[in-house]
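Each of the next two complexes has chain A plus one other chain: chain B in the first, chain C in the second.
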Partner chain A sequence: MKIKMKTLVVWINLMAVVLAVSIYAQEQNQKAIIKVEGLYCPFCSYGLEKQVKKIEGFKNVQINIKEGTAEIEFAPGVKVPEKAILTAVEDAGFDLDGVQWLNKGRKK
Partner chain B sequence: MRIKIIALAYVIYTVLIASVVSALPINSDLGLTPYKDEFIFRAQTRYTLKTDDPTSKDRESEIVTVPLVGVYGFTAKASILVRVPIIYKELRFKNGPNRGDHGLGDTTVLGKYRIHTNNFKGGTSRLSLLGGLELPTGEDDETDAAGKLPPPLQLGSGSVDALVGAAYTYQTLDHEMDADLRYIFNQEASDFEFGDIFRYNVSYQKRIFPTTLPDKGLYSQWNALLELNGNYMDKAESLGNEVASSGGHTLFISPGIQFVGPRLVYEASFQYPIVQELNGDQLETDYVMALSMRYQY
Partner chain C sequence: MKRTILFLTVMVIGLLNACAHQPAKETSETIEVWGVKGNEPGQFNEPFAIAIGGNGNIYVADARNYRVQTFNQAGKFIAQWGRQGAGLGEFERPSGLAVDSKGRVYVSDYELDRIQKFDSNGRFLAQWGKGGKEPGQFNSPTGIAIDSHDNLYVTDTYNHRIQKFDSNGNFVLEWGRYQPIGVVRSFFNFLWSPGAEGNFNYPTRIAINSKDIIYISDSYNNRVQMFNINGEYVAQFGGAGFLGGSFRVSSGIAIDKEGRLFVADYYNNRIQVFSPDGHVLCYWGKQGNKNGYFEGPADIAVDSLGNVYVADWGNHRVQVFKNKEEKLSN
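Up next, the complex of A and B:
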């Protein structure tokens, strides 16, 4: 009986972990790394940050001026057309050289 | 003669304060192109001292200008700039009362369109064309105890003056070069016409701190600058007659320093004249100091 109880507790804990991981995974933001040509200084790069904030579902952005990239996070489940990213980059005065999605399309 | 001298001083002064809206160089206003829907505010204080009087009058001139500038980007390529200067100027004589005025100067409205862009990893090169008007919002009929102030001591020209120009910039993570030129077609007002003005500026900037860029995020940096700021001026005309002591060529060498953050820029420049080929007996400039800040919304 003792063994059965222990097994039951283990199973419950395991299921709880699986459930938590599953919920966490479903709520992860979508991430895109974009390559931007023309980034050269912090004052100018702030414009890019401001433009990508206008994209629906925007959550966060981390710009790497040195490498000419920006890592953008969007809310899960929101469809983000690449054209919106292209427009944001061009409105900031830069050129888009590529978009790499890290975990696109996760839904709640 | 006094009016002629002051006229030329005013022309020089006008050229100097015309350089108020720099984005990148400090002493030229033509390099800045905001992104779409961006608004940049810039405030600058410029102090000009002129004490080198070739005549025996021992004149001295002090000019303080505070240009307030707003720039708005309609698109990533097209922007409009409005500059409203607040001016204080005084001409002192060894024997005689000082003359001068202070208040609002002429407003400049300038349109800019980027016609060439070459973006690459870690840099860009851009060429823009400019055109605009200087509007007579400054008083041009002020008087003092001695009567109506001569045109060069008035705060405004009284005329609507057109200007055209071009600006080129080449920027990388470590260096930046800018060059621009501008021509101002001055018009007659109250029987006085300032000479046309041709300005040219070349600027070199180098990032001095941080020496190594961080891998992520927006950072702040310090730049060292060296500028050459040149002005050619035609002679002025008064009642249809050429003003002998007016016009000439001035070239400044201008070291400076700049703090650049994601939303703020602070900068300072010292302009020292290395060429002053002035017609007639004009006051020569000793130096110009400029302090400014920019903030983007």
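Up next, the complex of A and C:
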């Protein structure tokens, strides 16, 4: 009985940890790094920033002109279709070279 | 034919390079640097536009600090106005500046698609514009210039057109549409005209000389186009490339009292000087953060003494080249 009690406590602790990690992961912003062809100057990067801000769930963006990339953060739990990103990039006058999601548990 | 082309190419390259100044060495003794990255008065975070008022004060659109800062010619901070927001007197991305004959300051906003008008102390007076394609609407307005009658000309960058307004913001006329020029055709523009006269591929900056000739940076066509105040095409110069007289994204334009043009060449990280009809006279600058070098010159202004002010966007500073005009005359 004593052993069973100990096992139960260990299981409860484990489940609590899993639950906490899961909640934490859900509360983290979703992050995507996009590669954009033709991103050369502030006239372009400000244009991209303007369009990306229109995507539902947008939180923040960091644009790296030298690398031609933008790291975009979206609110946790918001479904962000890649088509919305593609539209924003095209409306800004660029071609999208690729999207890499940094959070594995993002909603699709 | 091949020999003729080769001969012409060599001649052009030779002529263009003959007047090229040596960069830092020639200018290093006469450069002032204003500001470092930050949000305190006198500091900058992506200085994007610059203009000079009739009183000699220098206005800087400090884009990511959502404000306009004012300096005297010695670089002393005088005042600032604006904060982030869409309210009256607020900015999301101040992107262009111009000062009219009465000292009123006009500021374009790239994100809010509007022009705001302030008095010389930064008090809000009026605004106009919203997002769209119709006359009087904008899709990322950038440069502003003012003619001798205080009419405003705005580069409506993402609509690939120019719009003209009176000083109260009433729409007068527009011209231009999207027409990109291929890089190869642009590079060889000394052999045949690239065409697309009067149309644009992301026009950004604009300046007007004392004869009311309008010069427009047709940035992604790597050229400058000239128009009269009715929007009628006059001439063009530039073309894609690295050589003197060519551009990799033409950006800021300013005109000195002699009518010479100072054009920021964004991706070549240099300033080029042209005669009023577009012949290159000299250039200076290269990529870097030393004095006299640039990380994306986004805009430029020239005062009545011939001092050249450059918004050095990626270095978060303004560089002032003193008595540049005197050096050009020597």
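What we mean here is this: the second predicted complex is superposed on the first by the 78 of 108 C-alpha atoms of A that agree within 3 Å, B and C clash if a C-alpha of one lies under 4 Å from a C-alpha of the other, contacts with A are read in each partner's own complex, and residues count from 1 in each chain.
Here is the rule we use: contacts are C-beta pairs under 8 Å (C-beta built on N, C-alpha and C of every residue); 3 or more make two chains touch, one makes a residue touch a chain.
On a predicted model such as this, the values are computed, not experimentally measured, just so you know.
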item	value
Chain A as common anchor, with chain B and chain C clashing or fitting	clash
Contacts of A:Gly68 with chain B and chain C, given as first, second, both or neither	first
Touched partner set for A:Phe94, first chain B, second chain C, both or neither	first
Which of chain B and chain C A:Thr7 touches, first, second, both or neither	neither
Touching partner for A:Asn60 - first (chain B), second (chain C), both, neither	neither
Which superposed partner A:Pro42 touches (first chain B, second chain C, both, neither)	both
Contacts of A:Asn103 with chain B and chain C, given as first, second, both or neither	neither
Chain A residues touched by each partner, larger count belonging to chain B or chain C	B
Touched partner set for A:Lys50, first chain B, second chain C, both or neither	both
Residues on chain A lying within both footprints (that of chain B and that of chain C)	40-43, 46-47, 49-50, 65, 93
Residues of chain A that touch chain C when the two form their complex	40-43, 46-47, 49-50, 53, 65, 93
In the complex with chain A, residue positions of chain B that touch it	33-38, 75-77, 117, 119-124, 171-173, 176, 213-221, 260-263, 265, 294, 296
In the complex with chain B, residue positions of chain A that touch it	35, 37-43, 45-51, 62-68, 90-95, 97
Chain A contact footprint on chain C (complex, rising order)	46, 48, 63, 93, 95, 110-111, 140, 142, 157-158, 202, 204, 219, 249, 251, 266-267, 296, 298, 313-314
